[in-house]
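So, here come the structures, one by one.
Shared between the two complexes below is chain A, which has chain B as its partner in the first and chain C in the second.
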Partner chain A sequence: MTDAVFFVLAGVIVASALGMVQARNLFHAGLALITCFLGVAGIYVLLKSPFIAALQVLIYAGAIAVILLFGFMLTHHVMHTDPHKRFTQQAAGLGAALAMGLVLVVTIAVSPWNKGAQAVPVSDLGSLGQQLLTTYLLPFELASAFLLAALVGAIMIARKEEGPPPA
Partner chain B sequence: MTPVGLQHYLILAAVLFSIGLYGALTRRNAVAVLMSLELMFNSVNINLVAFSHFLPDFTGVLFSIFVITVAAAEVTIGVAIVLSVYRNRNTIDLEQVNQLQG
Partner chain C sequence: MEYAYVALFLLGGLAFVGATLTLNRFVTSPHRPSASKLLAYECGEPPIGEAWVQYNARYYLFAMMFVLFDVEAAFVIPWAVGFKTMSLDLGILPLLEMLIFLSLLALALVYAWRKGALEWV
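Let's look at the complex of A and B:
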């Protein structure tokens, strides 16, 4: 049963990802991207990490997809569709991606993974939070400062210059 | 047929990463390139959570939380830069944003 769900989700993810990179209309690409994010959230549920699945839906399918669609809508009258690159560039990109995928898949297929250890559910939320506030306290606090810096930086970069700054 | 294990998740992530790489290399619209980058972030997260589940060890899940944080910041800055380029150059075609090209 779980296996069937995995293959359905994998099919949805790969199909929507291919749809995203192929769609010339960027709004369609954004919708395919959201489908892909939701499929990945399903994968996290299969991996017994419901917290990460919730984060995936909230942050990726919610916030990040909305920001990307904002970016598209604010700029779409100069570039509503996405023209193709030159054929040589397309071929080079396809070749690089195929080579990368081939190397990764072959490496994964031939590597001796430890198949004996049966998975046990480990990611209960309590100990996750405990780890986050003890062992990983420093990166946790740095992440908040980092997000603040990114927020202020984004506003500074994107705001409209209106005349010279007051002396 | 073997039951779904770590390898299946890793192969799914590898395929997703390659699709994202293809998109990032071949799109001309800057927003589309950002979307492709998000696909690659997602595949890395699948890897981290899958390893975390099958080892089993917490660390992967914690790392994926930090990756999601960085991805959120990255996309915010990315869209801000795209808007700034759009305002100054009136285009977001990456073929035409080539002032730094030698």
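Let's look at the complex of A and C:
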């Protein structure tokens, strides 16, 4: 059963990832990316990490996808450019993909995989919250300061562009 | 397997959309597209230009507001779950730490409000 679900999810992830790379329309690529994110959330559920799965949906399929799609829609003429056209971009894409692949392969190769039969530790949301407020207190508070800065920046950008009326 | 419901819901949703679209083929009139039939319907007005335009930068603000409170929720949930045990160990500290976190984000909201960013001009 778990195997079947895994292969269905893996199929969705690989298909949507290919769809994203192949899409001629940047907006469609973004939608395919969201499908890919949702498939990865399903993998987290299979790994018995429901909170990580929820975060995957909330942060990746939610926040990051929204920023990405808004970025496309707010950028001048980006919807009409074909990302596959220019050779320099293709070369840059190939280089980035190869570098990323190298990092992944090396990480998988050197990671000490636990192949024993001991129980997988249950994800404990409460202790995660406790660590956030003790060990990782500074990053935790800094996160809210960063979010504040991001919003102030967004207001500045939106105020500055007092050109044509909202579409 | 409590996620069986999620899978069931997903399949049900896909089946509903698929069935509706398939049924549409049989129920509605024959498929004979023409230029004026394929025109985007804008209350009877002929549409100007196309939909792939550059949108106003003001929309970025709403995206950013969503991200702000989206990430806030992601941080508050583990805090809320572990709050009881943390309070037994640390007293009022967890509450104060979260109040600092939330007050910074509240400051962002107040700033946006005061700047009139929540108003639609």
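The rule is short, and it goes like this: the second predicted complex is superposed on the first by the 120 of 167 C-alpha atoms of A that agree within 3 Å, B and C clash if a C-alpha of one lies under 4 Å from a C-alpha of the other, contacts with A are read in each partner's own complex, and residues count from 1 in each chain.
Methods note: a residue touches a chain if its C-beta (ideal position, glycine included) is under 8 Å from a C-beta of that chain, and two chains touch if they have at least 3 such contacts.
What you see is a predicted model; the values in this text were computed from it and never measured.
S.K.: Is A:133 touching anything from chain B or chain C once the two structures are fitted on A? First, second, both or neither.
M.R.: In the superposed model, A:133 contacts chain C only, not chain B.
S.K.: Contacts for A:158 in the overlay, against chain B (first) and chain C (second): which applies, first, second, both or neither?
M.R.: both
S.K.: Is A:61 in contact with chain B, with chain C, with both, or with neither (first, second, both, neither)?
M.R.: neither
S.K.: So, does A:90 touch the first partner chain B, the second partner chain C, both, or neither?
M.R.: First partner only.
S.K.: For A:109 in the superposed arrangement: first (chain B), second (chain C), both or neither?
M.R.: first
S.K.: Looking at A:101 after the superposition, I want to know if it touches chain B, chain C, both of them or none. Which is it: first, second, both, neither?
M.R.: Touch status of A:101: first partner only.
S.K.: Identify which of chain B and chain C touches the larger number of residues of chain A.
M.R.: Per-residue touch count on chain A favours B.
S.K.: So in the superposed three-chain picture, is A:34 touching just chain B, just chain C, both, or none of them (first/second/both/neither)?
M.R.: Neither partner.
S.K.: By the touch definition at the top of the document, which applies to A:10: first (chain B), second (chain C), both, or neither?
M.R.: In the superposed model, A:10 contacts chain B only, not chain C.
S.K.: If you lay the two complexes on top of each other, which residues of chain A touch chain B in one and chain C in the other?
M.R.: 51, 55, 59, 63, 67, 70, 74-75, 79, 127-128, 132, 143, 147, 150-151, 154-155, 157-158, 160
S.K.: In the complex formed with chain B, which residues of chain A make contact?
M.R.: 2-3, 6-7, 10, 13-14, 17-18, 20-21, 26, 29-30, 33, 36-37, 40, 43-44, 47-49, 51-52, 55-56, 59-60, 63-64, 67-68, 70-72, 74-75, 78-79, 82-85, 89-90, 92-94, 96-98, 100-101, 104-105, 108-109, 113, 115, 117, 119-123, 127-128, 131-132, 136, 139, 143, 146-147, 150-151, 153-155, 157-158, 160
S.K.: Under the stated contact criterion, what part of chain A meets chain C in this complex?
M.R.: The touching residues are 1, 5, 27, 45, 51, 54-55, 58-59, 62-63, 66-67, 70, 73-77, 79-80, 125-130, 132-134, 137, 140-141, 143-145, 147-148, 150-152, 154-155, 157-161, 164-167.
S.K.: For the complex, which residues does chain B have touching chain A?
M.R.: 3-12, 14-23, 25-29, 31-32, 34-36, 38-39, 42, 45-46, 49-50, 52-58, 61-62, 64-66, 68-73, 75-84, 86-87, 90-93, 95
S.K.: Which residues, counting only chain C, touch chain A once they are in their complex?
M.R.: Touch residues, chain C against chain A: 1, 3, 6-7, 52-61, 63-68, 70-75, 77-83, 85-86, 89-90, 93-94, 97-98, 100-102, 104-105, 107-108, 111-112, 115, 117, 120-121.
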